[in-house]
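Just dropping this structure here.
Naming follows writing order (A, B and C), and every chain is counted from residue 1.
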Amino acid sequence: MDFPTFLQTVANSVVLGSIYATVAVGLALAFGVMQMANFAHGELFMGGAYVVYVLYALGGVPFPLAVVAAFPIIALLGMLTERFIFRPTRGNVLAGFMATAGLALILQVLVGQTWGVGLMRSIPTPYMAIAEFGPVRLGWQRLIIIPAAFIMMGGLWLFLHKTKWGKGLRACAQDPEAAAINGIGNNKMASLSMLIAGGFAGVSGALMAPILAVTPYMGHGIIVTAFVVVIVGGMASIEGAVLAAFLLGFIHTFTTTLFDAVVSTMVGVAFMALVLVVKPTGLLGRVKQ
Amino acid sequence: MRILLLIVVAALAVAAPYLVPEYYVEILVLFLINLLLASSYRLLTTTGDWSLSHVVLMGVGAYATALAAKLLGWPFWLGLPLAGVASAVIAAALVYPLLRTKGFGFFIASFAFGEFVRLIWVKFTNPFGGPRGMINIPTPELGSIDFFFATPYYYLTLVIVALCLWILYRIDRAALIGDVMKAIYMDEDLARSIGVKVNHYRAMAFITGGFFAGIAGALLAHRLGAIDPKNFDINVMVYLVIWVVVGGTKTFWGPFLGVIVMTIIFETSRPLLEWRPLLFGGILIFFLIFMPGGLESLLPKRWTSRGSSATEVTG
Amino acid sequence: MTAILRTDAVTMRFGGVTAVDQLTMEVMEGEIRGLIGPNGAGKTTSFNLISGALKPTSGRVFFRDQEISGRDAADIAELGVVRTFQRPALFGDFTVLRNLMVARHLHARESLLQAVLGSGRAMEAKNEGIAMDILRFIGLDKYAGMEAANLPYGHQRALNVAAALATEPKVLMLDEPVAGMNPVEKEAMTGLIRRLRDERGITIILVEHDMRTVMGVCERVTVLDFGKKLAEGTPREIANDPRVIEAYLGSEETVA
């Protein structure tokens, strides 16, 4: 690989890592706070993409507005998932997980029947310009993902460390019994984490809508990677998820450039297997007592 | 009483192809294969390991026998055990890193590993046929019997599946293995403290379950005549989970109930077309929230108890 | 007498907390040893370190002359060091008898082949017999067919001891065996503890808060405080030890 190609691949990796990070933190947060294992997380991503499809491609709403709108809409979807699926199955991680597998099917059918099932590249690219940094060329569409992701991560960090609710979430993840004494209440904690999970996954999907093929099944493509990122990062660790997301972004992008996308998924899984064998708790995970 | 029930069921099973219209015999073949798949999956669930790569292991068996038949000219009678062994070997390879995980980690790691194997079939057109898969898988041959037709194939499947189910039943009933596996699920720390090497049993369940999934895969491959990676993807896996959740996994017979009910629902809901997955998703959610023990939890306890030993009260 | 169990400066740190600090103790074969201390002193953590539930941050644990520190709990149980839990740990869906039969696991195992061919039947029958014997020894035989989860609390704790006994242990570590029991049940449990040592030669270590029980049945007592060994001696000696009294004065408990 020559140097310009190397730089280009690095740039692409950062973009991909940013998306992986915003998708995976929600998954890690929901699991860490309340042991909610969301199989339909890919469908939340898909939902965000469809928000852009409906608002921007069909409705003419400006792209940035459509992306921002994805947050509350999919956040609401996340909260509904918590209320109607995770709350009745609380205490049984398997039940919640499999139930969201059922939810995934439902969402796929609903979206497919409403807006059609075929390949949908009909989202016009809002930002056609291409930025150039020396030998590296990045379409603006991809470029904006980086600051968007960092703003969201930064916002999340501030929320988790500087606000009462955020600290409550962190306390809940460390020790649910102590957090319950704090008085914020498990239901609110669960609802809040799924709100964040939904919002983040939705915005990720929204940002990717002009780049990926928008279909009801696009969740399949992202969910395996999201799972791999969470395991490599360390199950409930948010910092771990971010680190693993960028790591995997690099692994996937370089492998795709050298081989193809199928091989890159396989290499990602193989990397996960390696991590499991060498450090089963993940890069930044800790064994809970 | 039990013996009577068994005789009735056996008689029905043998007479079945003559009791139903031609089209349905095909469904019965698939029903038997699914029964074996669900029963083999239940073995894993007894230790609490709900793997999401089980259907992929079925695919390993299917591809193994297809390759053996097409590339090596192996007859079905060799391909079948090969399929089981191939799946068991892949299962053994997967289980080593998988044992480092539990619960949520186990589910998603098993899903990822399953995808890894499946993507090998997608990527390597030679020899797996890539996304289009493999076609022209030969039918079994035995003397002058033409297994191309549904009815002879049904009897072939019936014999093989019955034998496999019997083995699975014996393992479940075995006090010193079946009980230990259930004990691991009930209280893993306690099991460890009495000397149970938990990972050994988890691996045993995973690999044995994988073996039988492979057998089911071989039966499928030779019936359909063609297989591709989509036959073994996550959607099919979720359906397997639905059968097992709907039926229940507490007793050996739970999955039977699940496969029967869901096969009926599957066939009768055809008019729903693309809305079907929504129905199944709804069924899964309903059962997990309102009837997590599955349909077998509705049966009177006496029916589901083990009953043969005088000192045992509950199953 | 020889030391059957020995810890050598065993330490357990969780993050910033040192739960067990350089614990060195020796238990002689055939002893009934008590391990006491105020809440949070590190008693159960010590059990966890010995039984293999936890891997020590530093230090070593020896069974006879074999190092067992950091080994898997199942391996340590196989060697003969078995513990019970503070909670009633049972295989709830099984009957009492089946609980025991599973607990015999170390001495009654079968391979897949044996299971399928049914050649394990004879072993299973023999296992059932031995399990019933143990239930008779403990006094739970008339509950053999009852679902374990339905046993009254005191009997559940007795079942825990029975299950541990089924493994044919050399060292039995009981974690608060009389917690939550009424005086009659406590008598039964202490009597059982003595019989286990007298009739079966098992070395017993118990963690307990109930001082009367500790004073009544233990021959030697080790006192922990803040993870460190504070004192060690006969029950009388430590009851009169000012350091021990002071440690307990700071807590809600009293030394008998």
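Everything below uses one rule, namely that a residue touches a chain if its C-beta (ideal position, glycine included) is under 8 Å from a C-beta of that chain, and two chains touch if they have at least 3 such contacts.
Computed from a predicted structure; not experimentally measured.
Trainee: State which chains count as neighbours of chain B and simultaneously of chain C.
Mentor: Expected: no chain.
Trainee: From the Cα centroids, identify the chain that ends up most central relative to all protein Cα atoms.
Mentor: B
Trainee: Taking each chain's centre as the mean of its CA atoms, which one is most distant from chain C?
Mentor: Ranked by distance of C-alpha centres from chain C, the top chain is A.
Trainee: Could you grab the centroid distance between chain B and chain C? Build each centroid from C-alpha atoms only and quote it in angstrom.
Mentor: 41
Trainee: Using CA atom averages as chain centres, what separation in Å is found between chain A and chain C?
Mentor: Averaging C-alpha atoms per chain gives centres 47 Å apart.
Trainee: Suppose each chain is reduced to the average of its Cα coordinates; what separation in Å results between chain A and chain B?
Mentor: Comparing mean C-alpha positions, chain B is 32 Å from chain A.
Trainee: What residues on chain A touch chain B, complex-wise?
Mentor: So the residues of chain A touching chain B come out as 31, 35, 37, 85, 88-89, 92-99, 101-106, 108-110, 112-113, 117, 220, 224, 227-228, 230-231, 235, 260, 262-263, 265-266, 269-270, 272-273, 276-277, 280.
Trainee: Considering only the defined contacts, which chain B positions touch chain A in the complex?
Mentor: On the chain B side, the touching residues are 50, 96-98, 100-101, 103-105, 107-109, 111-113, 115-116, 119-120, 122-123, 234-235, 238, 241-242, 245, 274-275, 277-278, 280-285, 288-289, 292.
Trainee: Given the complex with chain C, which residues does chain B contribute to the contact?
Mentor: The touching residues are 167, 170-171, 174-180, 182-183, 186-187, 189-198, 204, 208, 311-314.
Trainee: Please name which positions on chain C make contact with chain B in the complex.
Mentor: Interface residues on the chain C side: 51-53, 72-75, 77-78, 82-85, 89-95, 97-98, 101-103, 105-106, 108-110, 112, 114-118, 120, 123-124, 127-128, 144-147, 163-164, 166-167.
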